[in-house]
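First chain A sits with chain B, and in the next complex the same chain sits with chain C.
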Partner chain A sequence: MQSILHKFRRQSVKFNIIILSAVLLAVIIFSVSVGSAKLSFAESLKLAAAKLPFAGRFVDSAYLGTKYETIVWKVRMPRTLTAALVGASLSLVGAAFQGIFRNPLADPHILGVSSGAAFGATLAMLTGAGAGFMGLGTVGIFAFAGALAVVFLVYSISKISGEISATSMLLTGTAISTFLSALISLLMTFHNDQIEKVYMWTMGSFSSAAWGKVGFLTLFAAIGAGILLMYARKLNLILMGDDDAKCLGIDVDRTRRHIIAAASILVGASVAVSGVIGFAGLMIPHCIRLVAGADNKKLMPYSFLLGAIFMTLCDVAARTVAAPTEIPVGIITAMFGAPYFIFLVLRRRKGIVLQP
Partner chain B sequence: MFSGTDLGSLYTPDIEKIISLEPDLVIVSTHFDEENAKKLEDLDIPVLTLYEEHDVTGVYDMIDILGTAVNRNAKAAECVSEMQSVIEEVSAAVEGLEIPSVYYVVGYGEYGDYTAGGDTFIGGLIELAGGNNIAKEVSGWNITLEEIVEADPSIIVISENDKEGFMSNENYADLTAVKNENVYTIDTNLLDRQGYRNAEGIRELAGIFHPEAFQ
Partner chain C sequence: MGNNLDKIQINGLVWQPDKNAEPVLSDVNAMLHSGSFYGILGPNGAGKSSFVRQLLRLQMRNSGELAFEQNGIKKDINSITREQLAGMISFLPQSIVSDVDFTVYDVVAMGREPHRKRFTPLNREDRDKIEEAMKFTNCYHLKDRRIQFLSGGERQRVMIARTIAQDTPWIILDEPVSSLDMKHQYDVMLVLERLRTEKEKTIIAILHDINLASAFCSRFILMKEGSVYAAGPAKEVLTRQNLKEVYDMEFDFIKSPEHDRIYITAKYKTDIRRNNSNEIK
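Take a look at the complex of A and B:
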């Protein structure tokens, strides 16, 4: 293990990205092939392969029937891709936020995005409105809108005091987050019958994944991740201090604004399809830092891929460990993630360094 | 319609108001806080606690106990025997008929799929009505979508409110019952609320499972 990590550190970025992508592909294939249905690993693989161009011609899966084709292609596949995209997005945002706020405790939900989403979702559940858009239900749309609205609000409030500092944004975010949580609890007191729905939603789950949502998520993840990855170099310079970055000709405020906007799109879209899933966004970037250092040109793409791998595996555990019952995936991410993270931190005596 | 004094909500009863009305008996159930019950008992107000039962026999006992508590034993016995005869009738009518596979929807969509597992009260009612609950292996309420698709039930039972949303959700579009429009609505109060109406609930379920037997 030690030697593998050591090699990982010394390889070129391109090489490591190829390795991580290969692992991700393997994990996705694995995830599509396991589940609670009485379908063997090999049969699942056959069903998965049968629909692929070219390879499909050599596989005969017709004898398994359309029911199992539905399970592999309409239940497991969109679910796996959703988990991968959400894990990737949250981890990438975690890396970006920890950098931009120079705070190791920053996670994707720190600006109140998740409480905004939860508040939106709660409103949708209480009003019971029934329209849909881009594969999202009303709850998803309200959650997405709530998430973006809160970030905009936090940003605008922080701006009032003049210069936008990381501290003022984090404090405003925490305050608004707490306020919205209180508001949700208040709404719940008057609508007892909906408590369970809201509670289950906030626990996070990929169980309602469908191709429409995968499309929605892919679109926003591509935009958000593209922007964030483009800013990796500038983020490195900002981490050395605002003044140093300004001397090097970087418009710090503008960069920060763009990163926050892109990150919010990623988190908002993730929360809209899967509810609030904690911990991955906090932990994955730190794991990468411990192994490969804090250079954002490596940290960001690696976090993106490792986040996808981690979340996909967590979701496999969520739906198979106690099948036919399902465990909320947020419980899995925390229960498996936290001990491993502590182990990593303890083994590394120097601790985590945010500066590249 | 029920008319009476507002005594607060399920989880937060207005204890002051309850005490001020000087009731001869307070009947409470699962969600009533033990501290509150103790407060009432300390004031010498008798509290009768009836917890959720796990089968219809439990409901009979519940009705008997209530009858004793309010001095209406004969009426309670009558209720129970009426329920028994309805359920016996249903059992006789569905006897020997082909047992359809059934999925009972408690919740669906954004926050996961929920049903009545084999060890739940409603799960028991489904079996009594001559249905084969696809979630009988499930303990409690939580089921995976994969499990539903694999079982591919021939009949789905859902509340009136949820039907439209369920039918238009793409996750369930490939289910045979959805395609063939074998999705039936029921007044879930007949199944959720334990009591006299459960017999009617069983009869309605049986009518959905075996329309030919109840013409």
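Take a look at the complex of A and C:
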């Protein structure tokens, strides 16, 4: 194991991205083959390959019947892709936030984005307003709007004091986050018939996934991830300190603003689709740093792919461990994540991990 | 606009961190010319760091003039973009982040940022400049090491290599030798000296050791309470009277028996006699 990790560090970025992508593909095929209707890995692969635009002609999957095709294509595939996209987005944002705030404890929810989303979702559930947009239900739209509104609020408040510092944003984010959580609790005390629904939503789940939502996520994930990856090199300089980055010609405030905006789109879209899923965004970048170092040109794309792999597997666990009961995936990520994180904290003494 | 920079002119510069605070820089006047090795001296709190941070526009100013002169054209520092500034002056800050898991090569390569376009990897020229800079400060053999595991002296050589890779005509260093032992202090100063003579760099360094400064610097800026107390060559600035005024203590001027050099040392008035004599034998 040690030698594999060592090789990983020394290989070129392209090579590692290809390896991680191959693993992700295998995990996705595995995920669509697992469930109450049993399919082998090879059969799932055939069903998936049959949909490819050109190569599909050479794959014979007709003998599996339309029932399996429906299960794989209408149910499991959109769900698996949603999990992968959400995992990828959250982990990438975790890496970006840990860098931009120079704080190893920063995670995608640190600016209050998720509380904003949860507040929006709660409002939607309680008012029962009906609307639809890009495959999102009312709850999703309210959550997305709430997420973006909170980031804008946090940013504007920290700007009042003049220069926008990482600390003032983190403190404002925490304050607003706490405030909104209290507000959600208050709303729930007056509507205790809805408590379970709201509670389950905040735990996070991919059970409501559909192709429409996959489309919505893909669009925003592509925009957000594209912008974040563009800033990888500048983020490296900011990691060395604001003054340092400025003296190397970087407009630090603008860079920070762009990164926060792109990250908020990613988190907002993820939370709108799947609720609040913790720990993945905090943990995955630290795992990557442990083997590949702090260079964001590697850290960001690797986190994106490993996040997708991790979340896909967590979702498989969520729907199979206690089948037919489904466990909210947020519980799975936290139960895997927390012990691993403690392990990382203990390793910290050796001076290797938990740096931004 | 080229990267050359002939002069920096500072007139009546005032900076106070916020409205109710005492000004840190109360009235700074100075003229910096290219080609010199400036040593900035003065007690803690005299405004040395704030002064050099002004030259890099890392702080706003409340009033006064701060202008760069190129080919006879004067420009206010605020009208120069960050990118242009990064092409003229490189900076080694007093404390550097050292807990980030970057390799030495990665860190030195950061110096090329002002010369690089987005999305393009390091080109041939970049890699040559990086290698040359590392060899210049004798840290090329460390290139694959991680910065968090370097010693203080090694790290400082790496950071100076980065300022060299940035390839600017002026280099500013905030206390580049304060955390180093005497031998490493001397080594770093020798590198700076060579930068001036071999690469014609203009060097501005904040220093605390008066003797080290007087051995290497060609010009001195002595600061006290937020303004420049004296500026010029050693014999005008490092006088017994000036030092007494600025540091508020007495100094001894000792002529070296071997070289034609005067060493300046603080007079210590201690009457305490310890059991064992602490005379140096």
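Note that the second predicted complex is superposed on the first by the 311 of 356 C-alpha atoms of A that agree within 3 Å, B and C clash if a C-alpha of one lies under 4 Å from a C-alpha of the other, contacts with A are read in each partner's own complex, and residues count from 1 in each chain.
We take it that a contact is a pair of C-beta atoms (placed from the backbone, for glycine too) under 8 Å apart; a residue touches a chain by one contact, two chains touch by 3 or more.
Model, not experiment: these values are computed from the prediction.
In the superposition on chain A, contact of A:12 is made with neither chain B nor chain C. In the superposed model, A:75 makes contact with chain B only, not with chain C. With both complexes placed on chain A, chain A has more residues touched by B than by the other of chain B and chain C. In the three-chain superposition model, chain A touches chain B and chain C at no common residue.
Chain A contributes residues 102, 230, 233, 236-237, 239-241, 243-244, 246-251, 289, 293-295, 351-352, 355-356 to its touches with chain C in the complex.
Interface of chain A with chain B (complex): residues 35-39, 66-68, 70-71, 74-76, 121, 130, 132, 135, 137, 139-140, 189, 192, 196-197, 200-201, 205, 207-208, 210-212, 275, 319, 323-326. Residue ranges on chain C touching chain A, taken from their complex, read 53, 56-58, 82-83, 85-87, 89-91, 93, 96-97, 99-103, 106-107, 110-111, 113-114, 118-119, 146, 148, 166. Within the complex formed with chain A, the residues of chain B that make contact are 9-12, 107, 109-113, 135, 137-140, 142-147, 149-150, 152, 164-165, 168-171, 174.
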